[in-house]
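Every chain is named by a letter (A, B, C and D) in the order it is written, and numbering of its residues begins at 1.
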Amino acid sequence: MLSLLLIVVPFLSALLLFVSKSKSTKQISLFSTIITFGIAVAAMFMVKHNPNTNLLQLDLNWIPSLGIHFNIEINMLSSLLVLLTAFLLPLIVLSAFKNEYANEHQFYGLMLMMQSALMGVFMTNDGFLFYVFWELALIPIYFICLLWGGENRAAITFKFFVYTLLGSLFMLVGLIYVYNHTNIDGMKSWNINALYEAGRSLNADQQGVVFWLIFIAFAIKMPIFPFHTWQPNTYVNAPTQGTMLLSGIMLKMGTFALIKWLLPLTPIGLQDCGHTAIILSVIGIVYASCIAIVQKDYKRLIAYSSIAHVGLISAGILTANQQGLQGAIMQMLAHGVNVVALFLIADILLRHTGTRELDKLGGIRNMNGNFAVLFLIVVLGSVALPLTNGFVGEFLLLSGVYKYNAAIAGFAGLSVILGAVYMLRSYQHIMLGERIDNHNTFGALATSDKAVLIIACIAIVAFGIYPAPLNSMAEQGIKELLAIIKPN
Amino acid sequence: MIKLIPLVPLFPLLGFLVNGFFGKKLSKSLSGSIASIAVLASFIISVLAFIELNGSTNKSNVIDVFSWINAGDLKIPFQFLYDNLSSLFLLIITGIGFLIHVYSTGYMHDDEGFSRFFTYLNLFVFFMLLLVLGNNYLITFVGWEGVGLCSYLLIGFWFKNTAYNNAAKKAFIMNRIGDLGFLLGIFLIYITFGSITYTDIFDKAGSVPTSTITAIALLLFVGAMGKSAQLPLYTWLPDAMAGPTPVSALIHAATMVTAGIFMVVRSNIFYSISDVASETVAIVGGITALFAACIGLLQNDIKKILAYSTVSQLGLMFLGLGVGAYSSAVFHVTTHAFFKALLFLGAGSVIHAMGGEQDIRKMGGLKGKIKITFLTMFIATIAISGLPPFSGFFSKDELLAHVYEHSKALWLVGMLTSILTAFYMFRMLYLTFYGKFRGTHEQEHHLHESPPSMTFPLIILAILSALGGLLGLPEFLHLPNWMHHQIGEVIIMKGKSLITLSHEVELILMCLAVAAAAASIFFAYNLYLKNKVLPVANESELKSWQRLIYNKFYVDEIYEALIRKPIDAVSDVLYKYVDVAIIDGVVNGVGSAVKGVGSVVRLAQNGNIGFYIISMIMGIVFIVLFTLLYR
Amino acid sequence: MKGLLIISGLGIVAMLAEIFKFKKALLPIVLLGIVAAYATNFIEWNSPQSIVYFDNMIAFDKLGIAFSGIIIATAFLWFILANDYFEDTNNSVDHFALVLFALVGALMLTAYKNMTTLFLGIEIMSIPMYVLAASKKNNIKSNEAGFKYLIMGSFASGFLLFGIALVYGACGSFDLFMIKSYITINSATLPSFFYVGVLMILIAMCFKVSAAPFHFWAPDVYEGSPTLITALMSTVVKTAAFAAFLRLFMISFSGVSELWTMVLAVVVALSLIVANLSAAMQSNVKRMLAFSSISHAAFMLMVILANVRSNLSVSALIYYSLAYSIGSIAAFGVVYNVALKANEDITSFNGLSKRHPLLAFCMTVSMLSLAGIPVTSGFFAKYFVFTAMIGTHYKWLLIIAVLTSAVGVYYYLKVVIAMYFKGNESDNEKLIVEKSQAIVIVLSTIITLVIGIVPNLVADIFSF
Amino acid sequence: MINGISINYYLLLSTVLFIIGAVGVMARRNSIIIFMCVELMLNAVNLLLVSFSTLHNDATGQVFVFFIMAVAAAEVAVGLAILSMIYRNLKTIDTDILSNLKH
């Protein structure tokens, strides 16, 4: 029931917004997202302390003849992603308060729609339903980018949509292929366990094919080098909240799906092809980091940094060991928070100074010290300084990759250095030194922006120092998953 | 008291929080006092705990704080290890830290970022304490990166100045290069031992293949190279002098930069097992020592001289570590902390008196004007030059004796370094305090001794620099070497760290060192005091070898040309050509190819019935023929 | 069968309307008649076995009734949508009659059991369509459309007949089951002209469903015909053609499937590529929908291809036809209304989201459905095709289908972008849509969504 | 064998006729001639059907021919109507002119 609420509450709120066109759109959305967050927290506690309650799962027969169920469940792993989604949405909604969007009831409505679909993606235990939610999540974000994006948005969102959709179609083919091999009492089934079983029963060649078919969809979504070129443009052109949704949560769809929908499905395929995929991921880390160094637009810089981060996450996942996977989960949580904060900062910069160009900024620290501190904490979180949230994930990820192959880990570890280079460089350009042009005021932060940044910073530090509550869940969840991937 | 050890890092953390959140609202004196008292409290606990430790038989105390990271078989508790090594470092950090806090209340008194400064300083102390207290590599690493962060913040303390910001960034990034090595070392340890907890792994090191141990030791050493500014990662340290002088004293002389030494001593078993690794450490240390000392010869910025001297001294310590002289190295860390902190603080006092001037060519004749500063700095200079009976003499001598036993060539390098050290230190002393005042009239008028809050730490440190040698009196003279016993507890393979030289040889070495230093001082005396030679103002008047040294062997420029520029260029190429042109080009190319083919294909739809019929018939003929023939 | 008779009767009634002057009442009568036809159809569905008519030349089995149901339902929606088409023309009753007779042909095609009825069904359906295509008498494009349709249609009929003749020559019968059994018994001694005959029939049927390289007529005819007639072509006519195709090749020629499956696979591949690539470059929405209908035809052919191999349920094809028909009705309805004041160029859609948000929403849903995005019916249609195909050894075809689907998304989205993104602020003149049409469009949209969310409503009923 | 003549000859003849018709449709520009060629194709089929009908001694083939003839007549009627309409609008029945709908 709780799990259904997580989908239904945002969905109904979105419908309410679409229909009512109320003046207090912002308040309604904030209220809805906070309620959802409350439910998510409750669900997480329940997972931890009372996992067998049937409040957490729901299994309705949707299309019986095809073995399709409306099957959603909050378990150890999904609760973390659900929590992330529920945690970020209020922040994203709040961050939009200072922007005046035309037709804002639609804007907020679409965001809530998106939340609903994302929740579905993370919770579902039915392969078909997964695909449906996966695509459904694409539509609101497409419209958000299309209707409220920057210049040239039509062509860019177009590419984004077609590109990701192409990937999804391949995934659909891969999933159907596995589905065709399922057999539950003579019936085919889309149930995740049936799919796992069917996937494992395939021979090496078949698993390899399925692996690539599905991996491509995730690789495009995350995105992994060299399927990433839609991403920077889309991130830059999307409205800030769209970018936050894309990078903060939607990106995690890819990584999470990799964990839940690919690794256990094709263990042999992973063994045979995982290496190539890891290498692609790792190339992406260094490649995107290098490119981030020379970016002039701060938002684009963050976009590339996101590619680098996700490359490491993906590499960690594909190593399929406890540390890599657990690190991936932790890093997803951390990256979600950090990147949302970073994009908000980019938006604040744009609103207060009219530009995001590094060369035109500078000296803001003189004008607003509090902002500088918050910004710095976020930067430190994203360069994974110890005792920030980014560290635990990155450390575990790298140790997972190291376990897999030391040389690859060494190469991937370059991100430790390069990340510091581009993050500190941009921070210096924006905040430090003297102001270049003659704008000498930056102004105080809006309360909503400040609230978002402070909450993000608290999360960054708190979960950096004491990650255990989340980490223990990730550990447990990954252990269960590994028991499926590597039964012996 | 040992149970209270978690309080030691907690106090500075609290100080940090108080100053960080409320600093702006507090008065300067309150803000400074809070910070200083926090460190003082830690110092007091450290002292009490130290006494307890020395009285007890249990030399290795593990204190659980909380459970931190668990990932399958990788379990990393937040755990402290309080033993002879960490207890000593605690004393150094909190003791000298406290003095420098006190000093800073005076030095930074007029700065607008006063409370911010103490916020950072307290945070630094917190991280430094974590670094030495951790019972596993990861907590050490947390401290390791944390002090790097504080170093970054403090170097760039005056954030309006772009050069300072660049220096800060450089420090952070250089350190991160080392940190990557450290991190990889940690991973290898984890893979090898299944744990990264000190108390679990050191005993097992003997049963691991030496090649693995070598790899671990070398990777860890990469980390040490970054943090302790060894070749080739040393260039950040001289630039780090951009920070306020107390910072240079605390972070870039007494504590943070010795973290590398600490870590190597902590991991001594690896270096004892692996000859390759220890050789490397020794050679890198030796070369760095000599190299930095050379550069120090011709520097004119008072803080830069001290910075290169620090690099050089750190090199000496690594030289010692490389030959297995762990306790001597720690001994030298201790004495170096005293006299180098003193030198920096003294330099700070000089700069304070000179109204911000750092160029020794514009100083001179200060000894009468700022007596306490002069006297204390004089003591420190003697100490660093290795003249008995000051502390530097004992520690350096013990260290070089070890080196001599191990390798004559390296010993020669060490000797040369100390000769050069004596020279440039006295050059600095003479140019600063003797002769005539060369600054502006205004500066001369302004000259004054620093307030008591600054001179008090100077005096304490001067006493320590003078008497610090008592901690490790030469054993061959049948005197008690306390340091050796103290550190000996944490050395797992003791054999390597014992000196087997005959007493005569040691005595000769000692005399030789003293004589050489004295000669070098005399040379400096002749040059700068008697002949009143002044460093030239213009670079073009230098001889070519001097110019080479003056420009620090162009290392920064080489790095710029070999690393930074290529990375920027490659990144630019990657972005403009590979990413936008090739990869995105392919993606867009597919798109436009579809459109292109589409616009060609649609031409077939030309509207002419005749053509449609022909196409149909061709289709039919093809299908029929193909099918029938194919069958 | 009773439905077929009712509709034939309706056609005759329509012709009488002019004489007996009840033109105004004709539409209600026709709608009532169609409802009645649907009802009888439904009753037949529930009767235990199929009833045979005309010496086994027509028999409404489950398959036939299912397709008839779709056709009748679509026609019902179409008639409501088209009411002002009939009002506009001065001889509207004739058009009524023509559409109804075409419907009769279509129904016949769902239930034929004999080559004769196949041929008659095709012609009864096609000849009125030729006239309807050319029904804008003074519009040169409409004339041209009718002419092209006629010439090429009769040309294709020639091939169909030639093929039928050859098959008859080999087997000695027009009856589908007789042919089937003859093939099974004498599979080794079939004369080579028999094979040519089968291929000829295949080609003619490919023409009727407009598969490449026999698709050339479709874009031109779709574009030139009055929009509502195009809607009829892409729904009723297309569904009927597929019903015929399916029956013929499932029943009669399944014994020689290795002969034609390869050909069909090539045809499908060619259709997918040509249709999607050409559609991507169209600026006329109607023409774009024509090319899109070719691509959907290819998808439906894939089901036939897969069925032969894996004997999967034909419900996939039925579902696909339904989804496509409903989606097309909505799409053409919107195109028709948008083009009333302007033309069918994509620029006419600019800013539709402001001029008529409801219409824009419906168009978006039907575009997403045609593009095959969940949770629209089009997605399930594609899903069924993929599921059917993945068990066969035509996996390469699947890859082509996936790739070209992505191209498809491109051109469907172009319309969406035009509606929501393009257009200047000043040109916000509201679009006025007649209520009955709006109802049909919204209804179709709702059906699209409902059977997209609960596909088993349809799929389970039609699983055999 | 029909009256001592092999069926293949009938087959050949009607095929040739059919091809002539098809080529005519393909090559000619005049719409009327195109119609005539279509008729030729249909009549080729008729011939074939009749001969097979005789071969098989089965009347259905000949019945089919009646259907074809009826349908052909209807087709031509519609066709000529459309043609006359086109002629009214364009004053020509050349198929080359009828290519407004393209690409």
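Rule of thumb we're sticking to: a residue touches a chain if its C-beta (ideal position, glycine included) is under 8 Å from a C-beta of that chain, and two chains touch if they have at least 3 such contacts.
Please read all numbers here as calculations on a predicted model, not as lab measurements.
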Neighbouring chains shared between chain A and chain B, ordered by label: C
A-C compared against C-D, more contacting pairs: C-D
For chain A paired with chain C, centre-to-centre distance based on mean C-alpha positions, whole Å: 43
Mean-CA-position distance for chain D and chain A (Å): 65
Where chain C and chain D are represented by their mean Cα positions, the distance between them in whole Å: 26
Whole-Å gap between the CA centroids of chain B and chain D: 97
Chain B residues counted as touching two or more neighbouring chains: 591, 602, 605, 607, 609, 613
Multi-partner residues of chain A (at least 2 other chains): 162
Touching two or more other chains - residues of chain D: 22, 25, 34, 95, 98-102
Pairwise chain contacts, counting only pairs that touch as defined: A-B, A-C, B-C, B-D, C-D
In the complex with chain C, residue positions of chain A that touch it: 62-66, 131-132, 135-136, 138-139, 143, 146-147, 153-154, 158, 161-162, 165-166, 169-170, 172-173, 176-177, 179-180
Of chain C, residues touching chain A in the complex: 368, 373-375, 379, 383, 386-387, 390-391, 398-399, 402-403, 405-406, 409-410, 413, 417, 420-422, 454-456, 459-460, 463
Sites on chain D touched by chain C in the complex: 7, 11, 14, 18, 21-22, 25, 31, 34-35, 38, 41-42, 44-45, 48-49, 52, 55-56, 58, 60-61, 63-64, 67-68, 71, 74-75, 78-79, 81-83, 85-86, 89-90, 95, 98-102
In the complex with chain B, residue positions of chain D that touch it: 22, 25-27, 29, 34, 95-96, 98-103
Footprint of chain B on chain A - complex, ascending: 159, 162-163, 226, 228-230, 287, 290-291, 293-295, 321-323, 326-327, 363, 365-366, 380, 385-387, 391-392, 395-396, 398-399, 402-403, 406, 409-410, 413-414, 416-417, 420-421, 424-425, 428, 431-434, 466-468, 471-472, 475, 478-479
